[in-house]
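One chain, chain A, appears in both complexes that follow, with chain B as partner in the first and chain C in the second.
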Partner chain A sequence: MLTDTTTTPVYELTKSDKRFIGWHIFFAVTALTIGSLFGPLQALQLAGVDWYPNIDFLFIEINGVNSYYQGLTLHGVLNALIWTTFFITGFSTLAVIRGLKRPLAIPMINRVGFWMMVAGLVVAAIPLLGNQASVLYTFYPPMEADSLFYIGLVLVVVGSWIEGLGFYITLYRWRKENPDTRTPFITLAVVINMVMWQIATIGIAVEVLALILPLSFGWVGGIDPQLSRTFFWFTGHPLVYFWLLPAYASWYGMLPKQAGGKLFSDSLARLAFWLFLLLSVPLGFHHQFVDPGVPSGWKYIHSILTFAVGFPSLLTLFTVVASLEYAARKRGGKGLFGWVRALPWGNGSVTAQLLAGILFLFGGIGGIANASYSLNLVLHNTAWVPGHFHLTVASAVTLSFFGISYWLVPHLTGKPLWKPKLAVASSWIYFSGMLIFSNAMHTVGLLGAPRRTPLGLAPYVPAEWNGHLFRVAIGGAIMWIGLMVFVAVVAVTAFQRKRLPEGEVVDVPIAESIQDPQLTPVWLDRWKPWLIATAVLIILAYGPQLIDQVMGIESTSPGFVP
Partner chain B sequence: MTTESEHDSEAQGEFEPRGTVAFVAAFVVVLLLMWFSIYIIMLSRGTTI
Partner chain C sequence: MSSPETSEKIPLHVDPTERAWMRAAIAILVVFAISVTIAGFMLGIQLPTTEQRVNPQTLQDAPPWSEPGVREIVAGEQYDVYVVAKRFFYEPNVVEVPAGAEVNFYVTSTDVQHGFKIQDTNVNFMVIPGQVSTLTFTFDEPGSYDYICTEYCGLGHAVMFGSVTVTP
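What follows is the complex of A and B.
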């Protein structure tokens, strides 16, 4: 028996485990639901239809511009930061427990981490709802929010670190008992993601603790926006991989089983994740191509490193599609491309993840354009950029999380998925809206439309933008409908009285690999060389520039409260 | 649970991901076409120096 040589007995999630993971999903979906209310308002505003005055009673300052930026901040923080972080830590908890087939080593650690995240969410929500933190989710200084906003975010990040610590201890103890067994892929994948996250968030921790909070508390009179942005983007780009890698973990480690097949290559899957650990962090300057304080040479180096991270992305494309082709041919699929029809498109979980992958193909193409040093000047700070990241975090990630939820919620609650056909429909509706929305955002961006701007109030909008901005509004509204259908399906599933028939369970779909994981090279299951290489590459790619910027710090920009 | 022999027979089976190779090749072609279309837009706007 080579696929499961662990000496640990099989472990199924306890009720307590399920409840704990369920709380993560509850907060994640709640944040998504509230944050997404502002999505169509943003999209409609761009097209000149301003519905914010209709909900002014929700806002302290009754002003179209303030409402727009408060709404955009709530949309970004709740959807891009809270929905993702809570879902990912919950999903990772499941992947660690179920992958290693053992309980968390010290559950209290994870519980402390989780409730710290919840406390952080509450603390950050106070100024957000009070329009005291309308600084967008990138919170670029010298824009200044109420201190509680930053303190809340710190608690969320530190809480996630503590949950990660619980994963490490659990994996360490498992390794002690199973020194010669390959770490189950699904567990390795989410733990690599957590390590990458912890390394990456050092940047934002330094930015907030050393630069922003002293300004916010009034201890210093100004801040260095350049240095702050450098620390922010140390975290900001790997943040995208923190969102994406759990989706990849599902695509590699679960979707093949759901599609009726197996993982095409365990080795390629592990190699891709290690390369993401290695390459996700040292490339932040490609977000700062127009920052005058960063020398061109360093921008060029980071541009090259960004192309390098395209390699594990292409590995992922190849391995995941090959796994799907393997499954489809087992199901009778024929032809060079005709096998795609044989995939189980009637399964809401599978469909959501397939559509996520299709949209992400275009996100990948846009990402290559963003990373190109000279080409970036055509796109920089235009509507192209939110068009792009809606194809990553709002498509590849969010639709994948839809798909995961469609088996996860029944698994956690012991209740059948409510209206499975509606689950399929939710993804198609969302997918259709995203196609319209993202295409229009990319196009109008190429025409020069700026991002982060209430274009509905702008006097300079040329006629050639209007059709595209109208499509932004239509696409955004359709996406919201698809999302609300998703929320309805998982909410009714969770809170209905109907339970699965006695003896029937919805299991965690963990895919086997075609090749025995024990035949995977040992170096793809060892942390030390990858961690050392990651540290060395970060030091080389960031060290000299960071030293230069820190030595030349000029905290001369006074804070600006929007 | 599958045995080693089952793994081996599947690993050495007939499966060759021909569709996947064609798919990835098509993706790379589309990527290049879109990248160059933006490059042409950049060139059409002239020098920025």
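What follows is the complex of A and C.
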């Protein structure tokens, strides 16, 4: 029932590597715990119940205004940016070391990168808690936050780049040592994700360094808000793949092992990741379908490219389900769909990831609607959108990270998982809450309810929304309970006195492939053609329009405090 | 980070079931892409596109933005509506047009980003300082249609709305 233990791990990480990865998870879970506190408050506010005045002791009062928007900013920044980035860099460090079965080439680089991220978090936290940066996690100019907010974000992003550099050097050294071996899938997957992230974050780096900080420091009198949005969404959509791909890496490369089977197809798993590298970036205009400053022709092109990125996700659906079916039939599962019952539902790590996948099915279907040039007109900036991304980042990603944590924390600490049954329950509670919450958000969004709005205060809310908004509040509260159970399980696991019996460890579950990875074609293990193709596609899909917008820059908008 | 050359060419092995799935996946996505193409180019679904740049700081010094509101182009048939979004209201906050007329909405902002969504219609777009957002809509049914701000614009965002009165 508990994550399997073994006395003969394939490769043991050093104590200091484990501690280093553990720090990532510690900051990630702490951010999630604080950020999620605001989730149910937002949900309740939509239903007309304002609890913010009751928790004002949590905020550092500087100008005396605490608001839904400060809570929403904290919720978005801590959950969507900090929880994800810290967890992903930690998990990726593990996947690099354990996949390659060699330590980091220059650990100091990774450590510098990580502590830079922590410094960035602290720097950004000051204005966030002081209500000087209540600009939401999209921080659209010319709305302005305190400069420290942007500086903190830059440090977090640059820190993650430096950690990525440490991965590349490690992989390069490994390649020199192992010229004829296919890169282990799990390592290839997280390194592709890091490369994609570095390409994607060029957009936000330009936005913050070239446009926002000069305004924030008072060096220039205005900014071009449309151009800022274009740079922001250059990063903004691939950002969701940066969150998602580590979950995919686990579904492909680890979950089959945990379920008692093997990866169905090594080649196609790799192909999916290369396609994500290729297609994740050049589709950001689908977030700008209703922006006035982007020609509709480019919107159409990006709409079509967004459908293209659906292909590797559909590929993933097949391979993951086929791997699970293989495992379930080996365990005695029968029937066309009956095999699902034979999966190890008593294992909290497996259950979390299976439920993540189920919710992601709905998320994917909704995403197709968002990506549609035409349908988006009905959905844009309605409650449908947060309804959608709670199924992706807050379900597919977050529940998968719950599942990973349930073996990762015992692996790192050498301590047994505390109350494995509670671990199983946490995901089911969260899943139930999410079903109610996301269904209600999608529905009320279709009826016209705007996102990011405390509807309890809005004068235009028709009576027909109320029932749905009530379900939003109920669902949000249930999710929060599930999440707190998760936090309790991993926190007690990490800080308890009890240790695993002498000599026993929880190993990293790494799935074998049915097909020998050495029989995977060489072009699925070679960087150059994919990097070139990625660059070419980005230049074609973004270049002309980006040049137009940059040449036409009009920095006429002065900054405004929210 | 390049990978080794191997002398023999290894073909990509794909399971027959998976091959069928891949074909189906591509077919589904092509159908979606065709639907979007038809909607965009044949059914007249329009999105805002590059219209005009303005200076948000001097916007209201001259017409038409100095006097936003309804302009009758052809009585009963065609109207232009100029709306300025400001924290935290629209100018004007009530617009009156007849049913069946083609109404061209022009909306911009003098401060931060806003949204402009007319409930129960396909009019829904971002309002960005420095840019003019435009869409055309024909109201078939008389009645009152709220337009609401759908982008966070500051502390008063939730109360920012106006309404279109469509007369018979």
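One rule holds in what follows: the second predicted complex is superposed on the first by the 543 of 562 C-alpha atoms of A that agree within 3 Å, B and C clash if a C-alpha of one lies under 4 Å from a C-alpha of the other, contacts with A are read in each partner's own complex, and residues count from 1 in each chain.
The definition used in the following text is that contacts are C-beta pairs under 8 Å (C-beta built on N, C-alpha and C of every residue); 3 or more make two chains touch, one makes a residue touch a chain.
Fair warning: this is a prediction, and the values are worked out from it, not measured in the lab.
In the superposed model, A:P292 lies in contact with chain C only, and not with chain B. Touch criterion met: A:L314 reaches chain B and chain C at once.
Look at A:V122: by the touch rule set out above, it reaches neither chain B nor chain C.
Set against each other, chain B and chain C differ in how many residues of chain A they touch, and the higher count belongs to C. Contact with chain B, but none with chain C, is seen for A:D516 once the two complexes are overlaid on the shared chain.
Of the two partner chains placed by the overlay, chain B and chain C both lie in contact with A:I368. In the superposition on chain A, A:L209 contacts neither chain B nor chain C. In the superposition on chain A, contact of A:V505 is made with neither chain B nor chain C. In the superposed model, A:F337 lies in contact with chain B only, and not with chain C.
When the shared chain is aligned, no partner comes close enough to touch A:A535: not chain B, not chain C. In the superposition on chain A, the residues of chain A touched by chain B in one structure and by chain C in the other are 264, 314, 318, 322, 368, 372, 374, 377-378, 515. Contact residues on chain C toward chain A in their complex (touch as defined above): 1-6, 9-15, 17-18, 21-22, 25-26, 28-29, 32-33, 35-37, 39-40, 43, 45-51, 53, 55-57, 87, 111-113, 115, 117, 119-120, 122, 124-134, 146, 148-155, 157-159, 161.
On the side of chain A, the complex with chain B involves touching residues 1-4, 262, 264, 314, 317-318, 321-322, 325-326, 329, 335-337, 339-340, 361, 364-365, 368-369, 372, 374-375, 377-379, 446, 512, 514-516. On the chain A side of its complex with chain C, the touching residues are 65, 67, 69, 136, 140, 142-143, 168, 171-172, 175, 179-183, 222, 224-226, 229, 264-265, 267-268, 271, 288-296, 299-300, 303-304, 307-308, 310-311, 314-315, 318-319, 322, 368, 372-374, 377-378, 380-382, 448, 450-455, 457-460, 515, 519-522, 524-528, 552, 554, 556-558, 560, 562. Listing the residues of chain B that touch chain A in their complex gives 1-4, 7, 10-11, 15, 17-20, 22-24, 27, 30-31, 34-35, 38-39, 41-42, 45, 48.
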